[in-house]
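Naming follows writing order (A, B, C, D, E and F), and every chain is counted from residue 1.
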Amino acid sequence: MSGPATNGLSSAEKAEVLVEALPYIRTFFGKTVVIKYGGAAMTDAALKEMVALDIVLLRYIGMNPVIVHGGGREITDVMRRLGKEPVFVNGLRVTDGETAQIAEMVLTGKINQDIVTLINRGGGKALGLSGKDANLVVARRKAPEAVAEGDAGIDLGYVGRVVAVNTEIIDVVCREGFIPVVSPVGCDDGGATLNINADHLAAHLAGALAAYKLVVLTDVDGILKDPSDPGSLVPQVSIAEAREMIGGGRIASGMIPKVDACITALEKGVPRTHIIDGREPHSLLLEMFTNRGIGTMIIGGQGWSPSDVAGTVSGARR
Amino acid sequence: MSGPATNGLSSAEKAEVLVEALPYIRTFFGKTVVIKYGGAAMTDAALKEMVALDIVLLRYIGMNPVIVHGGGREITDVMRRLGKEPVFVNGLRVTDGETAQIAEMVLTGKINQDIVTLINRGGGKALGLSGKDANLVVARRKAPEAVAEGDAGIDLGYVGRVVAVNTEIIDVVCREGFIPVVSPVGCDDGGATLNINADHLAAHLAGALAAYKLVVLTDVDGILKDPSDPGSLVPQVSIAEAREMIGGGRIASGMIPKVDACITALEKGVPRTHIIDGREPHSLLLEMFTNRGIGTMIIGGQGWSPSDVAGTVSGARR
Amino acid sequence: MSGPATNGLSSAEKAEVLVEALPYIRTFFGKTVVIKYGGAAMTDAALKEMVALDIVLLRYIGMNPVIVHGGGREITDVMRRLGKEPVFVNGLRVTDGETAQIAEMVLTGKINQDIVTLINRGGGKALGLSGKDANLVVARRKAPEAVAEGDAGIDLGYVGRVVAVNTEIIDVVCREGFIPVVSPVGCDDGGATLNINADHLAAHLAGALAAYKLVVLTDVDGILKDPSDPGSLVPQVSIAEAREMIGGGRIASGMIPKVDACITALEKGVPRTHIIDGREPHSLLLEMFTNRGIGTMIIGGQGWSPSDVAGTVSGARR
Amino acid sequence: MSGPATNGLSSAEKAEVLVEALPYIRTFFGKTVVIKYGGAAMTDAALKEMVALDIVLLRYIGMNPVIVHGGGREITDVMRRLGKEPVFVNGLRVTDGETAQIAEMVLTGKINQDIVTLINRGGGKALGLSGKDANLVVARRKAPEAVAEGDAGIDLGYVGRVVAVNTEIIDVVCREGFIPVVSPVGCDDGGATLNINADHLAAHLAGALAAYKLVVLTDVDGILKDPSDPGSLVPQVSIAEAREMIGGGRIASGMIPKVDACITALEKGVPRTHIIDGREPHSLLLEMFTNRGIGTMIIGGQGWSPSDVAGTVSGARR
Amino acid sequence: MSGPATNGLSSAEKAEVLVEALPYIRTFFGKTVVIKYGGAAMTDAALKEMVALDIVLLRYIGMNPVIVHGGGREITDVMRRLGKEPVFVNGLRVTDGETAQIAEMVLTGKINQDIVTLINRGGGKALGLSGKDANLVVARRKAPEAVAEGDAGIDLGYVGRVVAVNTEIIDVVCREGFIPVVSPVGCDDGGATLNINADHLAAHLAGALAAYKLVVLTDVDGILKDPSDPGSLVPQVSIAEAREMIGGGRIASGMIPKVDACITALEKGVPRTHIIDGREPHSLLLEMFTNRGIGTMIIGGQGWSPSDVAGTVSGARR
Amino acid sequence: MSGPATNGLSSAEKAEVLVEALPYIRTFFGKTVVIKYGGAAMTDAALKEMVALDIVLLRYIGMNPVIVHGGGREITDVMRRLGKEPVFVNGLRVTDGETAQIAEMVLTGKINQDIVTLINRGGGKALGLSGKDANLVVARRKAPEAVAEGDAGIDLGYVGRVVAVNTEIIDVVCREGFIPVVSPVGCDDGGATLNINADHLAAHLAGALAAYKLVVLTDVDGILKDPSDPGSLVPQVSIAEAREMIGGGRIASGMIPKVDACITALEKGVPRTHIIDGREPHSLLLEMFTNRGIGTMIIGGQGWSPSDVAGTVSGARR
């Protein structure tokens, strides 16, 4: 296993780290956390394995982690190998029937199963699911995408939006100790396969599962005050502030769906949402079990307060 | 829905048919049946839909159907589209790493999900599983395949055999009313993807689940006394007779893995195994709920006797 | 077993009939249906056995059938053998203490146990209950019956009306797979045996059990537009229409308690009530599992609509 | 309520009586006791009510009482009213089809329901059962009864012996707090009604239920050393002694089936069997909760010893 | 075991006493009763053992007894042995840190364990608890006690009042058949040990457990109309009357906390509260199972009415 | 909270420490560990609090910790304050009735409750128990202690040995998430209070609970090869070696009961036993979650092997 060597630490320091985690473990016990797995954390072999171990750890200490993954790059690769050139409108893939089928094979038949295998090898019991399995996701085709104001819009084809989530299968398997890993594919009423944006799906799952947290792993530090200055990370914003930043063009276009997903989850009652840097080793654990915190937390009306973590944690979280 | 019109039947005849099914329903109540879905039943759209409805019906009348599917033809199609020419040894696909990955995408990411969708649309709650999910299948690479007596054999690559089946996930989801649909893909201890013969997998699943029946859907009538005479169907053979027929070269090579799967299941304690013609509409229901019976039943020591179906069925089954 | 021979049907036709039943099976799964067993269906040996098999089938495919039976003719027979001539007022039996005891012996000690035995022999697990058992029915003596407007009425003696139903025993035994068969006998607060009209009891049981259906088996086709014309069957009426027909004297007096029972059940929230012809073999299955339907359905405010049966049923029900 | 007035007792004496019962309550907690209800206890109104109250009390203090009743006298009454003269061979009723039907009506439809009503009115939840209900009793016709040594015997007709007991329904309803009251009627494989000796049935039920006690209520003090001397009550005998007394003609013929029932129950593993005088008010409670004991206890190999009742009871039981 | 000899009673009288208890047993079945154990009942060895047996009896006949004990005299004894002279203000002990520690050792480490052992030896399964165990009691320090009107009051030190009761541990162990015995010791938020008045604790426990009864054992007959006349026992008073008596100085100061506890329990929804004379043998049983009743019952708005005890009890209770 | 500051550690190091604990967490999941709390870990305020936090952590990550404590020093203190001079024979306290009572008050009423409070304040749900509660421990008086070979021995008085452990209460409360804290006090058949050696009790509890580990906290490093050389710690010994060391006088007398307890537990089937240094902060976590290990492990036949901890731990444990 890669990661910074801990050989230099004394045993006492190691024990102290475990004890420092106790207030967080207590707070998170029995809670559901939806983790959107994407970017480098899903493409770099060492990072991928670390995230899998982090997830197994969350399960063993009493949480219900639920994973949602994307996979845009690999879909593009396979499409090209099959001689199809991808087309994007406003950053969204135009998805004809054949593209939807390729996407499903890559997402459900490859990426999902890779994550399942990694978690199983780390000692967890992962179960791959698509939105089709057990009628998990009720989806419908998205409306055409406007490219200029007032135009009729371009039909994106087999791209879905989530209409409802039927959590029965996730409830059943979490109760039995499994870790669900969800592929962002569903179907419409007529049975046609639909590709679903993974951030959007994660937000709806988090809402339907009454999750305690949504954590989105990305390839950036978080939301930056000044997109050109990596040192300008904003540790916390409200929904209102986030919307204002998007309106003012101050959030990079790649980041917008992630911010939207957090806002959707918050509006559906999820109390905490986070956009964190998946390139940092064990970023998930850092976010959850240390009082440094990482990335940007987007909060609703009341937001987080130090008293949420009971007990011996004296300092403020961030 | 296709199938013979029943408009000509009187209501009384229809009711009588339902009542005739009662002794079978009573006998099968609460039992597990493993169904190997393959051939025309999986490629012809109308047949595929009928099998899905038959499976939903089995579930509603109190059985636990567990589905295993294959998918050789579609793997070959996708391989060719990607510019790879399949190679077979003794009818078994030589499977390099890339082929294993293509097979997984097609099996787990396409065929499995198509069956799941059909069952769901028929009113069931299907759940797609691979051998990787929830550590369902423990597999190992097959030994090299000898082509001539005494040679070192040809390494088939990433082709697996089943070492053990961990039925926990199937037990959990059957108890909750779901219908598991299993894709014949697993991984070895090192996490490498292995392609598994679906008949072989179905036999091991049936054994591990203590199934009451294994039903293999094929594209032939059953075992023929004279392979060239379709009228020479053998309704029932013992393990010993089946082995003798194989030894004497009297069973077509494509049929051998199906017969082997039945023998494996019988040896693992499954009391009934059937090879039936999936091209016949509702062949699954005919086999299970009428006293005509179809295809060939392979039996172990004691075999089936009319008294197994209690109650008002007066005639012999076959 | 009697009934129309199905030997002329092809196996494919038989399978198709089973599949046609699927949408109904799905709709009825887990639901309670109260069946008032009476008339020819209870006196003709062959019909009686068929109804028993139909009930066992309902149980095996996931419903909770609850049976209520009458028995007026046999009570009269036994009374005469004991030298007592029955007296009726407005079609209701005047019931002195001795008559009540004879009725109880015949209903609870003979007819009930015959039905229990038939169901058990058909493979079910029937349990005979009276309204006294486990305090199932709380009853009180009926008010005197007026014969002419304004008179003081004639005291019917030990004839009861249902005040409340205590469903505990039925809930417990249905959960465990038993089929309750209820005899229309109860007692008042002082422990005196009361004879209860079976239609009236069935209606109250259906209401208390939140049944999905009440089906009353009779010896007529259903409600006729013109009582003298058997071809004038009314397939469906609303409560208002039924009341109007009774008011207008257009419903035969023997049918009135059955219609009243349906109205009572509808008012207690049972969504569907049916009066069907028990002389027709397997009338119960015809009513429930074919799209011909039989008899008259009495409905409340909204009534039945084709969309209630989900899935592949294309035609309207009736 | 009749019975000796307790008005003369001080409150302190009353409390002391309750406390004296504690060691017995503790010993009997959760145990099943089968009570054969017969004789005066079933015909005298005041006694009948007392037994019902005693049974309710047993249930409330944590036991599972199961009642079996007979009813010979009332069967004879009704037969005579219907113009049939009973015939007995060796004290056993010759039972033609009509007699069997009359017996069933009287036992299941009258006597059983009277007891059910009394228990319910005493605050219990009684459930009437026959041997037919829920397939409780598997019975077969008795062999012909020899009247002289070596003769072919006289066919008793529809008289049954118990082949097996299927305790499922009793297990289910006892777990839910009900008190089963069993009528001695069953049927053979062909569905023909069989009259069963109630002592014989009680013994088999006690064995199948692994009861802690069988208590047979009779109209005599117990087994007498000298049948003509009421003062010669034998408080305890072993199986061997009882058999010797029967062989020596020293047990009255009416008592023999009761002694046989006790022996059968002991052989089936019931540790304690008692024949007590049902004419004594609250004889059931006296037998169970006071250290005087009443009637005759028949014991197997080891017999009862004072240490069976733990705790503060200092004196020997009898 | 001491107590009045019952040898003079006939067996019939004993049985009658048991049957007389039935309506009470039925009424109390499954109910929780909180018993404040104090005074002579806790110091006289014979009485102490009787109360323990009474409690075991309550448990066996289906109630959930919960015990709270005090222990002032023994605390004073141990304090004096350790050279500390107790100080009281308004009858309340001034409790410095050392006194609180001594009180805890005596209450939790001695008196509690003595009661536990007595109950266990009587055949129950007692479990000692303090207010600290399983966070049972949330307490806070009492406000200073005023000695004269308008003064600043005297700080009583580590004396607590109940802020909340967390019944989880009691719910769990009662469900499993244990008898909780609670010591009146708790701690504040900072973990400092607090001595709690046992009457006050019993009242709050009874309220939090939704108990059916609170019974306070004392060393007096009950509330007297004229404190100097032992014959002037008031069998029943309302809250209003009790308050008026306290206001008028007509209730002895030692009795006031007991009356206050009853009023608190009534206000928290406990329907019945009793102050009874623990010096009378088996006073608990007399209060609960005979229609003489003892001591004073304090009632809220509606009070007790004879119809609360269903069934055969004909006379009024008191 | 004291302990080494972790402020110098990077967040990445902290996360890595958590991940390193995963294989241990996985191995210990659902297992019971009995912890004998004694020495400095119980007298030093900071250490005491750390051990409490460690125990809460074990509970949250899925283990069932069960605590047993001693308390010799505090008993001596209170005895002296009460004017009693302790007497020891072979290091064992001579315990007259008064001493037993003082010991009980100190152990059950003070030390036990202090530990309960600390665990509760750390976020756990602790429940204090003595050997008397719920009949947890069946004890008998120890035989007299020989001081010289062949003498009659000196009666130690009220000192007990464990005859049996009745784990019901511990099973019930562990299943509900509580942490039992057991005081080493019991009683004999006659109800007399017995003082029990805490190491001896811990060993018997571990055996009866089928614990995975017994951990004994002491004030030394572990077993030393050379008692005078603190650097000569023996990391692991077999039962045979330990016995040989005791026989050869090479184990300090204070250590002998701890080694005996480990041997007893091993003989009762506990697979791992440890004597560790409770003076080291978080020694419990160090022993369990780091691969350094501390103290001495005493093992039975097979002993520990690195493969017991599955997964990614590459180095040997010790």
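The rule we apply is simple: a contact is a pair of C-beta atoms (placed from the backbone, for glycine too) under 8 Å apart; a residue touches a chain by one contact, two chains touch by 3 or more.
No experiment lies behind these values; they were computed from the predicted model shown.
**Q** Moving step by step between touching chains, how few steps can get you from subunit B to subunit F?
**A** The fewest touching-chain steps linking subunit B to subunit F number 2.
**Q** Among all other chains, pick the one whose mean CA position is farthest from the mean CA position of subunit D.
**A** A
**Q** As a quick test, compute the distance in whole Å between the mean CA positions of subunit A and subunit D.
**A** Using C-alpha averages as centres, the distance is 70 Å.
**Q** Rounded to a whole Å, what is the gap between the Cα centroids of subunit C and subunit E?
**A** It comes to 57 Å between the two C-alpha centres.
**Q** Please work out the Cα centroid separation of subunit D and subunit E, and write it as a whole number of Å.
**A** So the centre of subunit D lies 44 Å away from the centre of subunit E.
**Q** Could you list the positions in subunit A whose residues touch two or more of the other chains?
**A** Correct list: empty.
**Q** May I ask you to sort the chain touch graph into line, ring, star, complete or other?
**A** ring
**Q** Round the ring, starting at subunit A and heading to subunit B first, what is the chain order?
**A** A, B, C, D, E, F
**Q** Sort out for me which residues of subunit A touch subunit F in the complex.
**A** 1, 3-4, 6, 9-23, 25-26, 29, 50, 53-54, 56-57, 60-62, 122-123, 280-282, 285-286, 289-290, 292, 294, 310-312
**Q** Hey, which residues of subunit A end up touching subunit B in the complex?
**A** My answer: residues 81-82, 101, 104-110, 113, 116-118, 120-121, 125-130, 132-135, 168-169, 172-173, 176, 178, 185, 187, 191, 193.
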